[in-house]
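Naming follows writing order (A, B, C, D, E and F), and every chain is counted from residue 1.
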Amino acid sequence: MVRRTLFFGRFQPFHLGHLMVVKWALEERKYDEIVIMVGMASESHTPRNPFTAGERIWMIREALREAGIDLSRIITATLPTMEVHVGAAHYVLTHVPPVESIITRNPVIARVFREAGIKVEKPPAFNRNELRGEHIRRLIAAGGAWEHLVPPAVVRIIREIDGVARIREITTED
Amino acid sequence: MVRRTLFFGRFQPFHLGHLMVVKWALEERKYDEIVIMVGMASESHTPRNPFTAGERIWMIREALREAGIDLSRIITATLPTMEVHVGAAHYVLTHVPPVESIITRNPVIARVFREAGIKVEKPPAFNRNELRGEHIRRLIAAGGAWEHLVPPAVVRIIREIDGVARIREITTED
Amino acid sequence: MVRRTLFFGRFQPFHLGHLMVVKWALEERKYDEIVIMVGMASESHTPRNPFTAGERIWMIREALREAGIDLSRIITATLPTMEVHVGAAHYVLTHVPPVESIITRNPVIARVFREAGIKVEKPPAFNRNELRGEHIRRLIAAGGAWEHLVPPAVVRIIREIDGVARIREITTED
Amino acid sequence: MVRRTLFFGRFQPFHLGHLMVVKWALEERKYDEIVIMVGMASESHTPRNPFTAGERIWMIREALREAGIDLSRIITATLPTMEVHVGAAHYVLTHVPPVESIITRNPVIARVFREAGIKVEKPPAFNRNELRGEHIRRLIAAGGAWEHLVPPAVVRIIREIDGVARIREITTED
Amino acid sequence: MVRRTLFFGRFQPFHLGHLMVVKWALEERKYDEIVIMVGMASESHTPRNPFTAGERIWMIREALREAGIDLSRIITATLPTMEVHVGAAHYVLTHVPPVESIITRNPVIARVFREAGIKVEKPPAFNRNELRGEHIRRLIAAGGAWEHLVPPAVVRIIREIDGVARIREITTED
Amino acid sequence: MVRRTLFFGRFQPFHLGHLMVVKWALEERKYDEIVIMVGMASESHTPRNPFTAGERIWMIREALREAGIDLSRIITATLPTMEVHVGAAHYVLTHVPPVESIITRNPVIARVFREAGIKVEKPPAFNRNELRGEHIRRLIAAGGAWEHLVPPAVVRIIREIDGVARIREITTED
């Protein structure tokens, strides 16, 4: 029986903290497969969600590939919003193969899935001061050093899609 | 550079024709990766869409695994509807990593993606009389032999989720 | 502990068959309360859904009042569509107080709620030839006798809102 | 002719101020029936909307029952959002039986329904310092005394659904 | 005081019958301005709605320009669907400047706007056998002569956007 | 070939800065036609969006008429939200006739349309301290002098629809 878990986030962008959670799930928690659910998939090009869902999936896969993780154990999925309520937990679950747990540090999501009967796994907090999407987006906008906070593949893709200029442009005050 | 193509369908259920298209894309057309986009993801338990998106992704992955296809080359994705218009083609494309083509036999989808600047690949028609979702669902509802039209993994999953009873029940006249 | 059941339909219009189901639930099945969920609430003035949700709730309440049923045992609710899938069953359930069962003759709805862990009660078929909304709407459109198929309160409300003219007008061919 | 009014709110949770408004409408303003429209029905488990629509309807009915109010005079209804514009006023009105007025202290809702031709009744302000949903939710989250601000039935239901833990959990900072 | 009327349709494509209705409204009915509301704006590239809303607005304006009609008397507008109910009539009306009437031959739309208090103008039936969008689309798909049924500007635009090939392609059976 | 540009905003209300942009586009930039796209069309009667889309189109047309601008060069359009992402740019473009550029000072909209291949025209900043919708709405709410900041036709329409009272009422604290 394949053992699967669900990892829910916005991944704006996918950073080293996310990478450590994926490794922790596959190596320490010994799941066979992990479903990485990209929330807020229908928003992009805003200060809070600069990258499209497709760009985020691309970053996730290339980062995991370069980290030597077998991509056949990864299932990426998308959800238009991050709407949270008990019915929505069941809705999310109809979009993925059977999972036995959800990995989240978000207390609202934890509560909702727990009430829907899904086990919640709280991952360790890997350097939460620096490894936060908001912090990284702010560094990119301000011209600070951000490259050491994300996997090299993510640096490469952000450059390829001209993502630094995009983030600066959309966070400029008029 | 990773070469990717997009394969769009409802996969109700994933049958041998779909499997042949995936093989054709990876082996003959030599794509590195294929994005399998499951349309009508928000509908299930109806005569036309009996299986949830999650069940369909599960079938797709297990069928490809047993066919010896490297799952690391497969990216599954979902879309709530199958809305078709030029703007929607671009919307679909924001949900997947960069692709150079779309595989479809559907003339509307072909036209829309072609107008959006995406190359269209028309796959060979593998026994279209029998290998159609509608035909297979009707066989299941009527108690006919359908198991030889889908990969063994799909037979197994449909049994595990009690899918034959589900299809029969929802197609019963009141 | 209050025992509740859920009765789901479009009620276009509320007819004697529906009235018999409500009585059967309260008297024979001995539920304390019944939640009457009006589906397709956002559509009206079409041949299939001529009455607004508010008009249908009004008909239901006046028909039950004149039948001597204690309205304090009735909870009316509305749902924009009749979307059917497992996640939607949970969504429906977040809109009503706790229920132990659903009353339905519709095989799709039955299956979906059963998979969501809700008991399904199949009511007796009270004269299904004549007591069907579609049959009654057709009689109204064609100028036939329909008044004996619905409770007197429904006749009165349909007249008060000029419902016969509405149905005839919207089913006229151009 | 049945005289009805509409009372629109989120009821997170239903508190003594709401109860006083219902009594005022039925006793002082002498309406025969009151439609209690639960807004933001599709959101729950968030700090601002912790309870599902169904839980709120349940609280409303049990609180009114224990206050000796005849439940047959109460019509509960739900609306997915609290969208406010003139067209939406008419949309809301298609979801309820005919009403002659709306009870609201919200100036936006008042204006919109007045422009749609509905009389607006502004209820007295019953102790608005303490009898506000936001204040009560904050007390619950902080472990303060909140039970005297809501009807006993609401205390009972919040306990039964483990609502105190839910509110604390979803308002915890990560 | 500017006198305005509303003309609601899908305009797939804008044909000589539509042109005659616009002339009739401006010349015989002596309206100062006409709001042309393009319904089903969010669908295109399907057999029933081959043209985008923008293409349809473009056809309408160029056809009226070449017919010598003063474009300053024309207001074009779009609506995602053609949803029909009383609340929707008010919703439509919030999207256009004040109008005193609606021009329609559709009985459902007529009824809904009449119940919303808007005067309905039924235009004369200009050769309804041939001047119907469905008939024209079928002629285009089948390679028949259709050019005499639409204004010359519409012929020109359909050619410019390669519309004949589009219609043929999307109506091809697989 | 008709040269068109797209001007995207909320126009709450249409003020002298907007008028100057339209003149600049038609006179200095020499576009033949300008598409004025009214965003947030589905919201009204809120502090941020007090006027309906129809009222805004009405203001725009009357202001341009009195400024001596040929209305036949103006195309008004509406969009329910102001959702911003690359797919949405294409979606917007399916709703208007072909345009060669978009006029915007908003950096997010500029970026999104530029990535979609549309030229961006940044208009001069005409007195941005006073000529901002937010500033004007605040003056109206506070009883200050605002009439000199909008075209006379807009003053007249706001009076005709009782807009000053509306803005004051909806910005009143409870």
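Everything that follows uses one rule, which is that a contact is a pair of C-beta atoms (placed from the backbone, for glycine too) under 8 Å apart; a residue touches a chain by one contact, two chains touch by 3 or more.
Everything numeric in this text was worked out from a predicted model, so none of it was measured.
Asker: Does C-D or B-C have the larger number of C-beta pairs in contact?
Answerer: C-D
Asker: Given that subunit C is a copy of subunit E, what angle of rotation, in degrees and a multiple of 5, matches their CA positions?
Answerer: 120
Asker: With chain centres taken as the means of their Cα atoms, state the distance from subunit D to subunit F in Å.
Answerer: It comes to 37 Å between the two C-alpha centres.
Asker: Can you compute the centre-to-centre distance for subunit B and subunit D, using the mean CA position of each chain? Integer Å is fine.
Answerer: Taking the mean C-alpha position of each chain, the two centres sit 46 Å apart.
Asker: Which residues does subunit F have that touch at least 2 chains other than itself?
Answerer: If we look for residues of subunit F contacting two or more partner chains, we find 44, 52, 85-87, 93-94.
Asker: Any two chains that touch count here, so list every such pair.
Answerer: A-B, A-C, A-D, A-F, B-C, B-E, B-F, C-D, C-E, D-E, D-F, E-F
Asker: Going by the contact rule set out above, which residues of subunit A touch subunit B in the complex?
Answerer: Per the stated touch rule, the residues are 41, 44, 52-55, 57-58, 61, 65, 70-72, 74-78, 80, 91, 93-98.
Asker: In the complex, go through subunit D and note every residue touching subunit E.
Answerer: 85-94, 116
Asker: Can you list the residues on subunit D that touch subunit F in the complex?
Answerer: Checking each residue of subunit D against subunit F gives 83-87, 105-108, 110-112, 115.
Asker: Report the residues of subunit F in contact with subunit D in the complex, numbered from low to high.
Answerer: Contacts found on subunit F: 42-47, 52, 166, 169-172, 174.
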